[in-house]
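Naming follows writing order (A, B, C and D), and every chain is counted from residue 1.
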């Protein structure tokens, strides 16, 4: 990755290690989300871990490095879309079964990855929503300049 | 089926506003208004469909039966509250279309507004203790953010104060819910009541009462817990002040208190006496403090404390007449207090100040505002034939017939004080000699319309007192509250009592 | 060692940590202390058979600490001499102490630790696997039986995030042009 | 029972901090402490002696702890984070306006 802001963030050692660990953290977050119905964890924990991987990158490389690669506006939109999808899941449940937010998918076989009806899907939506939202909160709170405005 | 609309329509509206309206801010107002109109219509449909369902509609979510899931419950009281919330929300949203032009971040405003409506609808409809807490937090968090919407120093400070107190007492409520859970091993309100019936009342329940009175009492702004209200309500933008004073303190406070203490705990005498005391204190302290205020909105804020005291003593009397008075005053106060807050917003919009010492002689330039404020003043201070007269009269008569003559006399005297402080507003803002503040801008169309319709409602809503309407529509509501734990009996058939496989 | 002995230690540590956090002058130390309290809470969750919560508490605590340190630590390095109102503090302590003493009587009615009344949850424990297909029963509860709560929870987070953006706008009010 | 009382004591420590401290950040932290105590209280209610975490294992039939309070605590942790973030935002804006976190110097509103 080309770094246009080499002077921001922490030292070279931290940056080099970050380059490896950030992916590990990110993948661990995804693992937690996908196995939410099998092992401890789920959308919220996984979402926060995904957000933390971004926070990790921001702390090591400085915020401009990250902001060059991700779009705040798009992140906000994705967050809203994930939230809408959760409500729409509820509406599909209402349409199919007559109960708001009811499970409308097959339960599948217990103890397997593809099972538990809509739970894995909702976990993914929640992870996207929580991850995007919390990273943006961190970004705004940490980069708020009291001198402006 | 019909009940989940009250949740997902405003929720989808809020999410859509964030998704769509960030670049084109005018769409936000359209979406918000459409959602509010939808809820208003559905709330009336639900109200008139209710008798056909035997006075109770219960929708389970997620396809299981209570107590294994959360149910949305509509009975006479909640259906009535939904109508009050929808009316005030619709007119506040309509008013905001043009009012909010003085602020930046229109889409933030409407999204938070819709989330607040979602939270209140959720609190009204829920049949589950923990769910009540969750939706209360939605309404409160959006309220904190909206109080600080103008991001001026005073507004931020008021919001911080509100957030601190709100967070402390919400935690207290959660603690109370935990204690109840440990004792009954269920969270469904009706089931909790049922379990408490079978095990009797332990000492622990008094701790729960204390935690709940502190928790919901703060949201109602009863007197020892009122410190946040006179800061928070004036700091918010005017339509939000109307929402906060008009419906938020009533849904999160009065409604929750009534639902929990009357319908679940069966109106224990201790609690009624405490509420009576706090209500009387609120009437007196709120009334006298509002006389000395010079800030238009702050005066109205203290007045809200006083008027909520009337509602609370109505309910705390525990007689059918008192409860009728409480319900009526809740409805009427929602209308005329939101009208008065909208008026104060119009004055601020036009002159950029709300300090009564700088205002004066506005009645010629702001004709509509002046006239509607007059209607609001007459209503709130109980001049016939405006609506406030009937509710206050009923509360005072109920006090006397229940033997609480002292409280009746205090209530009667304090409604004269109400007239006094609102005449002060009339004298210093609209009549009298011209002040230093000039009218910089005309009050725009949408704001005027909302104010005129609410003023008309002040008169029209007196029609509820016509005996036939009262018998058909108000008495079932009173019966819901008076029936106390009959709420539990009505829900009991829906409870899944199947044994574990 | 039985679980409750561990919990006495952890809770005692949390109480001491909380008091320390409130009384330390330096704000950075305060935030770090509360982080330690939060992490010991996560440990307590592990002892109590709640690995889900331990994980969530752990990651939320880290995020919370990072946010608080980034937001506050730089801005309040100056040592603030906080003079305190002695009478006010004493009144507060007296009131809270009396509430505490009264509550001790009330807590005698609680079911004793380790032997809760489990009524509704018994069905979740017995049937959740068959009814929802989820191996993790906590997930089954939050995402199937009580999913309406989770919808509310997502909304709370959404509201808080939106509120944060709203409050951090550069300017709140527009200047009046026509004057 | 002593554990519950200790939990309530922790709660009161939080209340004490929130109502007597003069520093906006300390108030936020005190509210956090109250949140911890309530969460711990709820999970203490769920514990059954000798029980395991509520995760099914193939072929084993063991007693498990009560999952409902755990579900509630999960929700409540998220809500607390939301409140903390919002209050932090408010505190930063107040700092920008007044240049201090000390509420004795802020108090522009009376009452």
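Just so it is clear, a residue touches a chain if its C-beta (ideal position, glycine included) is under 8 Å from a C-beta of that chain, and two chains touch if they have at least 3 such contacts.
Bear in mind the structure is a predicted one, so any value in this text is a computation, not a measurement.
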Out of every possible chain pairing, name the one holding the most C-beta contact pairs.
C-D
Chain A and chain C: spacing of chain centres that average the CA atoms, whole Å:
22
Suppose each chain is reduced to the average of its Cα coordinates; what separation in Å results between chain B and chain C?
29
Averaging only over C-alpha atoms, locate the centres of chain C and chain D and give their separation in whole Å.
2
Which parts of chain B, given as residue numbers and ranges, touch two or more other chains?
7, 11, 15, 18, 61-62, 130, 134, 137, 141, 144-145, 148, 151-152, 156, 159, 182, 185, 187
Shared-contact residues (touching 2 or more other chains) in chain C
51-52, 56, 60, 63, 67, 71, 75, 103, 107-108, 110, 116, 118, 120-121, 124, 129, 131, 135-136, 138, 140, 142, 144, 146-153, 155-161, 163-165, 167-168, 171
For chain A, residues that touch 2 or more chains besides their own:
39-40, 44, 79, 83, 87, 90, 100-101, 103, 110-111, 134, 137, 140-141, 144, 146, 149
Among line, ring, star, complete and other, which best matches the way these chains touch?
complete
List of chain A residues in touch with chain C within their complex
32, 36-45, 48-49, 51-52, 55, 59, 79, 83, 86-87, 90, 100-101, 103, 107-111, 115-119, 122-123, 126, 129-130, 133-134, 136-138, 140-142, 144, 146, 148-149
In the complex, the residues of chain D that touch chain B are 8, 11, 14-15, 18-19, 24, 27, 31, 34-35, 38, 41-42, 45, 66, 68-69, 72, 75-76, 79, 82-83, 86-87, 90-91, 93-94, 97-98, 106-109, 111
Listed in rising order, chain D residues that touch chain C in their complex are 1-10, 12-17, 19-23, 25-26, 28-30, 32-33, 36, 39-40, 43-49, 51-56, 64-68, 70-71, 73-75, 77-79, 81-86, 88-93, 95, 100-102
Touching residues on chain D, where the partner in the complex is chain A
53, 55-56, 58, 74, 78, 81, 85, 88-89, 92, 95-96
Which chain C residues qualify as touching chain D in the complex?
3-4, 7-8, 11-12, 14-15, 18-19, 21-22, 27, 30-31, 34, 37-38, 41, 44-45, 48-53, 56-57, 60, 63-64, 67-68, 71-72, 75-76, 80, 82, 84-85, 88-89, 92-93, 96, 99-100, 103-104, 107-108, 110, 112-116, 118, 120-121, 124-125, 128-129, 135-138, 140-142, 146, 149-150, 152-153, 156-157, 159-161, 163-164, 167-168
